[in-house]
Structures are given as C-alpha cells and as structure tokens.
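One chain, chain A, appears in both complexes that follow, with chain B as partner in the first and chain C in the second.
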Partner chain A sequence: MQKSLPALIKKDLRLMLSSKFFLLAIGSLVLYSCYINFVYVNIDQDIFPVYLYDPHHSLESLPSFVTKADSRKELQEAYSDGYSVGLDMSGATPKICMISSGSDKTDNYRAAYALSALSSDGSSHAELIGKNDREMKNRREITSEFLFFELSAVGFLGLAAMLFKEKHMGVIRIHGILPINPNIFILSKLGLILLSDLVFAVLLTLFNLGINAGISVLPAVLLQTGILSIIMALAGFFCAISLPDFKQFSLLYLILAIFITTPVFLAGQTNLSWSWINLHPMYHLFMAMKNAYFHTPVANGTYYTVCAAAIILLFLLARLRLTREMTKEG
Partner chain B sequence: MKGIKYQLKNIRRDKLCILTFLLPVLIGFALSLLSDVSFSSISEITFGIVKNDLPADTVDWLKSNGNVTVYQKTADLKEAVNDPSSQMIGVLKNDAGIQTIRSGDELQMMSIIGDTLPLLFAERHTVSQYNISMIPLKHNNDILKPLLIVITLVTAMFMGCTFNAMNMISEKEDGIIFINEVLPMTKTQFLIQKLLLGFTGSILSTAITAAVCIRVSLVQLLPLILLILLSAFIAALAGVFIGHFSSGLMVGIVYIKIVMILFLAPPILFYLLVPSGSILHKVSCILPSSAAFYGLMDLLNGKSQDITIYLVVLTVHSLIWLSLYRRLSLRGQKHA
Partner chain C sequence: MIEVKDLTFSYRKDKQALHSLTFKVEDGEIFGFLGPNGSGKSTTQKILTGILKGYGGQVSLFGQNMNSEHTQTFYQKIGVLFEFPYLYSNLSALDNLKYFSSFYPRGQLRDAEELLDKLEFIPDFLKKPVTSYSKGMRQRVSMARALISNPQVLFLDEPTSGLDPSGAVLFRRIIEEERQKGTTVFLTTHNMLDADLLCDRVAFISNGNIAALDTPENLKRQNSSRYIEIDYCYEGRQLKKVIEAPELEDGIPFAHDEIISIHSKEPTLEDMFIQYTGRGLS
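The block that comes next holds the complex of A and B.
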C-alpha cells in the first residue's frame, strides 16, 4: 500500500499537467497582479470640489481647494454634476447651492465643508493611529480577496476536474476491481492541490505586497491558505464524486463563485453590517485570511477547532462516497 | 422542431440545471427585500465616539453630519478606526472642542474630512447665516443596489452561455457530435437547436429576476425587453463559440472563466471609474456586456436618452458574432 502513494502522486501530477491546471493558475496570477498593480492601487475618491462665484471680490484670499467661477451660469454648470458644491456670493446673503446627494446628513456636511472655504484661517490635523497608508491597505485588502476567491475556486474546481476526468476514463471502475486504499487516493490529490495553492499564495503575496511586507505576513497567510485549500478541495472532491457529470458540477461552481462569495466580499469590504453574515461559514474563512494580511490576530481557538472538525468531517464524507462509488462500479 | 423537443426532454431530466437557472431569481428576490436604508447609509460619513466623552450638543452636531457609533472604551474606538474595512473617523474631546483620530489608510475624501472636522465644528454656527438652496434629486442616487441588481441580471444572462457551452462540450465528449454529423441536419438547424435552449433559459431567468426586482414605467418596458432579448442572445452565442472551440471540459472551464471575467468585470469597472461622457466609455461598448450593463443601469436610474444607442450596439454585436459563427461552421463543414 505504501508504495502506491508515489505512483498515485505521479499520475495525478501528470493529470494536472495535461488538463492545463497550472496554466490556468499562472494565467490567473498574471491577470490579478496586473489588475492590482495598475488599477486597484490607484482607486481613490476625491472630496467634493467647491466652486465660488464672487463678483464683488468680497473675499481676499482663497484656500487652494476652491475653484473660481466667472459667471452664475458657470457656477450652475459646475455644481449640477451632483457632487460639487457651489457658493454664490453675488446676492445680499451668500448662497450655498448643490444637488442633494440623497442623504440629509451628507448634504449638511457638504454645506459646512464649503463654508469652511470662506472663513478658515486655522488648520487642524487628525491624529494618525494606523500602520498602513492607503496604497498599502488597498494592496493588502485586494490581495487577500483575490487569494480567497482563487483558492475557493481553484481548489474546488481543480480537484473536481481531475476526478471527473478519471471517472470518465473509468479509473474508479478499475479501482473497484483492483481495490486501493481510499485514504491514499484522496490524499495524493489533496496534497498536490495544497502544494500548488501554497505556491500560488506565496507568489501572489510577494508580487503584490512587495518582498518585505510580503514575507512578514506569509506565515499567517500560509496557515489560512492551507486550511481554506484543504476545505475547498475536500468539498470539491465530495461534490464531484456525488454528482453524475461535469455539466451539473460547473453550474454549481458558478453559483458558488458568484453568489456565495459576493456577500462575503460585500460584508468584508464595506462597513455594511448584516447580522446573518455570522452564520455564513465562508465569511469566517475570509475574515481569517484578511486578518492574516493585516497582522490582526482575530482567529481564535474555536475557529481552528471548527476548521479541524470540518476538515475531518469532509474527509470522512468524501471517503464514504468514494468507497460506495467503488463498490457500485466494481 | 423535433430536435428541440429531444433537447428539452434531455434537460427535463437535469433537475440541477433548472435549479441553477432559478438561482438568479432567488437572489433578485433577496435583493428586493433588502431595504434601501441599509444601502444608502454606506455613503454617509461614520463617526466613532466614546461613551460619556463628548457633550450632548456635540454628539447632536455629529449626528446631523453623519452616522455616529458609540464605543465603551477608547481602545475599542481605536480598534474600530483601524479596521481596514471601515472609513470611520474617531472623535474625542479636547480643550478647544474636538480632536479627531483616523487610521491613515482612508480615501482622500475621508482623510480631508477627518483633518478639517475640528475647524468645521468651531464654525458650526455660521451655517445658519447662509441661504442653502438644495435641489432635490430627480431619482434615487443610491449606486450600490442598482449595481447589485444589474450584476444579478447579467449573471442570469450568463447562465445561458455556460449552459450552451457545457451542453456542447459534453456532447463532444460523449461522441454525440459524430452522430450529429451523420444525421440529416444542416449546420443552421444545429446552431438553432443549440442556441435556442440557452437563449430561452437565460431570457426566462433574466425576465423573472427583472420582474422581481425592477420597477419600470410602461415606456421603459419595451427597451428593457429588447435589452434582455439581445443580451441573452449574445450570451447564448458566446456559449456556442466556447463549445465550438474547446476540445475538453477543462479547456472549456478555462474559456468560461475568462469570458465570465470579461463579461462582468470591465463593465462594473468602467461604470464606476470612467465618466459617462468620455471616449473611453464609448470605446468600452466594444464589449457586448458593457452595452447591456450600461443600458440596464440607465433604465434602473430612470435615464433613457442613450438607450437606443445601446440597443443598436447590441444588435450590431449579435449580427457580427452570428455571421462569424456561420463562417466558422461552414469552414468546418468544408474540412469535413
């Protein structure tokens, strides 16, 4: 039995190579890295521009963030974009003009901010308490998201694709006649997927966080990668062995990719608070991954215990299905 | 006609497939249940304060400018401010009035707000001396909810693509393609049969989802229907293309993944980042999903001046891709 493990691994590796599994991973790596480095890092939101129409020149000096308008019409055009705020100083009482943003609170703030243009002489600064600047935060955030998405997709899909190929070639039927230890059968696939996921995680992190920041988060990230990769691969194995053909599986995959991960991203990315999100198992996996990237140790003993239990349960389920399938075929 | 009947029979056995087409409908239903309030509060500024720290009138002032969250201890507040997913600005008491803290990773807008808040607070009484002319919004300015609805709709359309591609690939793998070649069936008949299934599926799925979560006026109904018809057709056609080119399942998955990313990501990105008047916005219509996406977005936001352009773009797309496929399949026939 012990001898068959290297042989199985060799066969699985060849299967992965022939199904262009690695090509897919490298393609994703390049695509994600380009997106992060060229697009996402530059995302920012500017504060509302303030435009001033002041025909009587009642204001002597203007702060740098105020743009002058030469006529009332120009002012009107400027603030009609729905974001900018206009200050009209032509009448007896000055007027603040803007198109409502839909929220009274934000509108109040916009008015107050525009007024500070007229009378600000002091300056104030907020105390900075964080360790990241905006660019580094963006890098950490999006890298954790991509890694999470890719792991839940590639682990799940990659293993299933391999298994369906084998099913198609009749490998399960052969094993039904020539019995093999189901543990080894699962482990060889799991090991390969885990290894490739770990390599993927290392490369993605180093490419997008830089060498120094990357290395400092890697230990924590690799731990979470391992957990996520094993869970997703086992889930993929179970689904693939239970479903009759790949078509059904791929539709299921589409659901997983879009509908299960989207709320997780929304909850993790914005400060939307949904109480039900705590019941979403993927949310905890995602937050553990994100926290690993931000050096915040939030995952506790309960989390690891539940993960270990889930892995054991999934492994047992996958083994049960595999044994049943082998008996049925043989 | 008979061929389509057999195809339908084949799907009817496939319960999961029907279920997947129903899934966007369920999501649309969930979206329409989510209240507008939970979405619009995202765009508001959030301030964090510590309990019993600020005087009541200061808290009221903060509440009139944004959402206020109260924390028990300063350490809790600092942790919340540092949380990378929040853009919260912490407000504490000091001698002059208030002192703000922020984590330093905010968007430029939030960092300016954090820096200037004490000044605005000191001048809070001057606002009453001004006339404020507020022009109310003509339509709801909430971006996120329409965005989610449109993403769901585009995904529903995409189901047709996946279904068609998978259908063709599995026929290829099972060897039915060879049987098809011997059968007295023209390439056009084959194309119609293959197209029609995914096409009807995605139309049904998209239309029901749209009915669940979009409220449009009667005038907009026709453009909406046309938009759904054309986009679903292009999606189904894309599926046939993928099925034609991919030799096996894994390759098919790779293609589907690429097409899915191209289908969903660029329109969202362009929509959020590129102003609608610019040239890049027009260029982005080279992707059929962008035109569909912008059209749906405009319909949801109550704008309809550009909708004809999007419809024309989609029609041109469907004609080009259809003729391209015809040429491809004819060439294949000559080889055979």
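The block that comes next holds the complex of A and C.
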C-alpha cells in the first residue's frame, strides 16, 4: 500500500494531465470568475417598473421608481411588456393594470409593490437583516451555484473520461493480476479528484468573495465540497465502469443534467415550490453548499449520516464493478 | 506447481464453461493448453491467476489452495501475458514498465532496458509513447511487463500473436530460456506450432473438457499411420509411392534411379486435435 498508492497517484496524475482535465478546470475557474466579477455583480434588474397615469394630479410627490405616463395609451404601451405595472388614477379609485405573469403569487407582489407608490408617509421601510449588501449576496449566491455545477457535472465527467481511457486501453485488466488491492485503484483517482476540487473551491471562493469573506466561509465550503466531490466522483466511476462506451455515458450525462440538476437549480433559485424536491438528494447537497456560503448551518446529523452511507454504498458498488471489469477479456 | 482437480465453472446456471478438468503442471514445465476460441482456455487461466472465483473442484498453486484469499505475495510470484497488448498508450515503454514494476519488491525486478533489449525492442522508441508503436512492439513491451518481476509461474495467452515470423522465433527462444531458469510456463494458445515446438506436454480442451493430455510427440506417435511417401525417378519418369515404415529397414524396397523426396506421413498436432475433439483449432 505504501508503495502502490504513490505509483497509482503518479500514473493517474499523468492521465489527468494528458486528458486536459486541469486545463478544463482552470478554464472553468477563469470563465466563472470573469462572469461573476464583470457581468453578474453589475446586473441589477429593476424590480417591476411602475408607470402612473394621473390626469388630475392627485399625487403631489412621486417615489423615484415611478414613471409618469401622459396618456392612457402611453400607460397601456408601458405595461404591455408583461413585466411593468401600470397605475391608472383617472377614476375615483386607483386601478392596477398589468399583464399577468401566470403566477398569482408574483402578480400580488407586483400589485403590492405598485400600490406602495401611493403611500407617501415612508412607513414601509424594510428592516435590514445580516451584514450582506446586495453585491455580496449576489457573489455568494452565484459562487455557490457555479461550484455546485462544477462539482456535480464537470467532476463527474472528468473522472469518467479518465476511466474510459483506461478501459479503452484495457489496462484495468492488468491491475487484476498485480499485487495491489483494488480499493487503492479507486482511492488514488478519488484522492486526486478530491484534491483538485478542493483547490478549485478555494480559488473560486477567494477570487469571487474576496480574501476576508472567502476565508470566513472556507471551512464550511470545503466540507461540502469534499462531500459532493467524493459522491459525484464515485457516481462517475460507477457509471463509467458499468457502461460499455462513452456514447452511452454521454446519454446518461444528459439525463443527469436535465432531470437531476435542473429541478434542483429551479427549486433553489426561483420561487417555484415543489414539495417533492425534499426527496431529491441533490437538492440537499445544493442547499448545504449554498448555506455554507451564507454561514447558515442547516445541515444536521441526518444529512451527514446519509452522505456517509451514500459514499460507502457507492464505493462498494464501484469496487464490485471494477473487479468485474478486471475479469473481462478482448 | 499447479494442481487442478475436478475443476468446474459456470458463467450462468444453464451454461457450464468447464467440466471437471483435472491436470497437473510440474515445476519448470511448459504446459500447453490448446483449444479453439470459446473452449474454456481463458476461463481456466483466469481461475489459475485468481481473477475468477466461484468455481467448483480444487485448484492449488505453489501448494496453496486458490479458494483462500489471494495475498499480494501470490501475485508477486506470477506473471501474465494477455492475448492483447494492454498498455498505457500515453506513456512510453519505459514508463509503462516502471509503473507496472513499482508494485513488486525492488529486489525481485529485472532491468527494464535490458529486458527490452533482449526482446529486440527498437531503442529509438524507448521514450516515445505507446501510441506510436506497431503491434509487434506493443507485444514486446507486454512480454517485458510479464517477465519484469521474475515470476515463478508465467501465464502466456497467445504469446506470438501479432508477431512476424522472426519475432515469433525470438519469443519462443525467450520462453525456452525462462523454462531453463526454472520458470513454470502455462501456455494458452490455438497456435499448434508454438505448442509443438515449446511444450513439454499439451492438453487438448474442447467445450470445457480435456480430450487428451500428453507430450506432443506421444500424441502424434500414438496416432501415426506409419506410412512414408517417396517421390522418385525411374526410367525417366517421376513417380510416387507410399510404403509402411518397417519396409524401409532394408533400404528402398523398389527399383529407382533417383530419390527426390521422402515424407513421413506423421500427423500434425492439429490433425490430432481434430481427431480427439472433432473440431479445428481456429
């Protein structure tokens, strides 16, 4: 073991280098960081633009977020974008005009926001909770999402690509007659992917949250990175060793991306609420990662127990398939 | 060295691959396992190398029952050459050998460059990646991989496959040298020439059964028709005659001017295989 592991790690490192794995990781890091720092933090979409048609000049002062319309036609044109809200003050009572978003909940928010323009006493200020300003909140949110995506999709694919190479070369069969334990064959790959993912997580966090904020969340982030990285690498190992070729693996990867990762992003990022999402294992991993970036320790003992059980189960399945692959011929 | 008694194996319940095989391979012997594709050769070799479990009967190597968990010491004593030259194509010949040899005790290892030189590997390719090698060169590196740990038992699966005639002669010479060093060789092949030239004993395997087991000479002699075919010239004509071998004891028993050729009608190992199993080797 003492001699086998360094030899395996060295060989796997060379395989990763030749498969451009690190190049892909560096490329992702640069791309994500550039997007966060130069695009995402500058995106500040106005919340529901409000247009007012007030022919009787019944309002003396208007909040800054309200735009005046000179005619009913102009008002109609303004709210017909399906996003803006119109306030028609031509009658005795104010009338809310808007194109429905399709969600009653969202429409109510829009209406309430527009009506707040009519109250001029300034009594509806929201209380600020926490220390995050909007930019830091955005940075934490998008960094956690990119890291989750990188670990769940790219890490999964990276290890599988490396294993398919070895399968294609037939060298896995040789390891069946070498004086090594098959566990070490898995552990070496797992160790390298884990190390690579941890370094990636550190750099992505520090580049996008800054040194101080980054360091403060790193212990929790690295813990979640480690868990997700090991689970996805083992899942990738199992799928790659079980499927005969990369085409079938690509199809599985597509299914994984569409049906497993997408609902998690939708549930975590939009106001869509599905009760079944709590049964989705990736949702809990996603939320744990997100919470780690916001200093919110919601992951409990059950979460860590289930993660540990999943890792052990995936490891045993990967080992079983590996020993079967070793007996194949031709 | 290798002892197999009533060995049975099934991949599925309704498909038995091996039917009660019994044989013994002595120390320093080259034992040939001859059979066509799908006859059970590779399955037997996989059981002997500890890759395949769940068999019936008794198998022992180095006096140790194979049913017990294989320790690293067991794998340190065997060398296996697969039918296909499995190598890391992104690494060079030397790097491949360095990697595979790193799992064995240092004192047991042979020098990689020396070994490749012995296998007539082109030195210019030593540090080039395997992707640039011909099939023969890959087979040479694979053979070097099997030999680098100085194994006590060498399992060779179609060792001369993919080699040109001179390469095949070289490999046979190297296998013979290994035997002279005391290495036991278990040769799995459907190449009857390899078996005939190298093996001390051969077993014919067909449909998971051993149909015959003896030295190549005995197998051929026992079934020889003992006829001799003579081509000769007599009174300006070229003629051919077939006689029985004892008739030659007192010289050529017919009138002739010149003998052109004499052929013994001894059967080949392949003829014997067909006779015992009712099917060809390829």
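Just so we're on the same page, the second predicted complex is superposed on the first by the 242 of 330 C-alpha atoms of A that agree within 3 Å, B and C clash if a C-alpha of one lies under 4 Å from a C-alpha of the other, contacts with A are read in each partner's own complex, and residues count from 1 in each chain.
In this section, contacts are C-beta pairs under 8 Å (C-beta built on N, C-alpha and C of every residue); 3 or more make two chains touch, one makes a residue touch a chain.
Keep in mind that what you see is a predicted model, and the values were worked out from it rather than measured.
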{"item": "Partner chain(s) touched by A:295 [first = chain B, second = chain C, both, neither]", "value": "neither"}
{"item": "Chain B versus chain C as contact partner of A:93, first or second or both or neither", "value": "first"}
{"item": "Partner chain(s) touched by A:245 [first = chain B, second = chain C, both, neither]", "value": "first"}
{"item": "Partner chain(s) touched by A:179 [first = chain B, second = chain C, both, neither]", "value": "second"}
{"item": "First (chain B), second (chain C), both or neither touched by A:111", "value": "first"}
{"item": "Touching partner for A:4 - first (chain B), second (chain C), both, neither", "value": "second"}
{"item": "Partner chain in contact with A:73 - chain B first, chain C second, else both or neither", "value": "neither"}
{"item": "Touching partner for A:324 - first (chain B), second (chain C), both, neither", "value": "neither"}
{"item": "Partner, of chain C and chain B, that touches more residues belonging to chain A", "value": "B"}
{"item": "Touching both chain C and chain B, counted on chain A across the two superposed complexes", "value": "165"}
{"item": "Residues of chain C touching chain A in the complex", "value": "42, 46, 49-52, 72-76, 78, 80, 82-84, 86-91, 99-100, 102-104, 145"}
{"item": "Complex contact set, residues of chain A against chain B", "value": "19-21, 23-24, 27, 31, 39, 43-48, 82, 91, 93-103, 105-109, 111-113, 115-116, 119-120, 122-134, 136-137, 140-141, 157, 161, 164-165, 168, 243, 245-248, 250-252, 254-255, 258-259, 262, 268-272, 274, 290, 294"}
{"item": "Chain A-facing residues of chain B, complex", "value": "14, 16-17, 20, 23, 27, 38, 40-46, 63-67, 78, 81-82, 84-90, 99-120, 122-124, 126-127, 129-137, 140-142, 151, 155, 158-159, 162-163, 166-167, 169-170, 173, 248-251, 253-254, 256-257, 260-261, 269, 273"}
{"item": "Chain C contact footprint on chain A (complex, rising order)", "value": "3-4, 7, 10-11, 14-15, 18, 165-166, 169-171, 173-174, 176-181, 326-327, 329-330"}
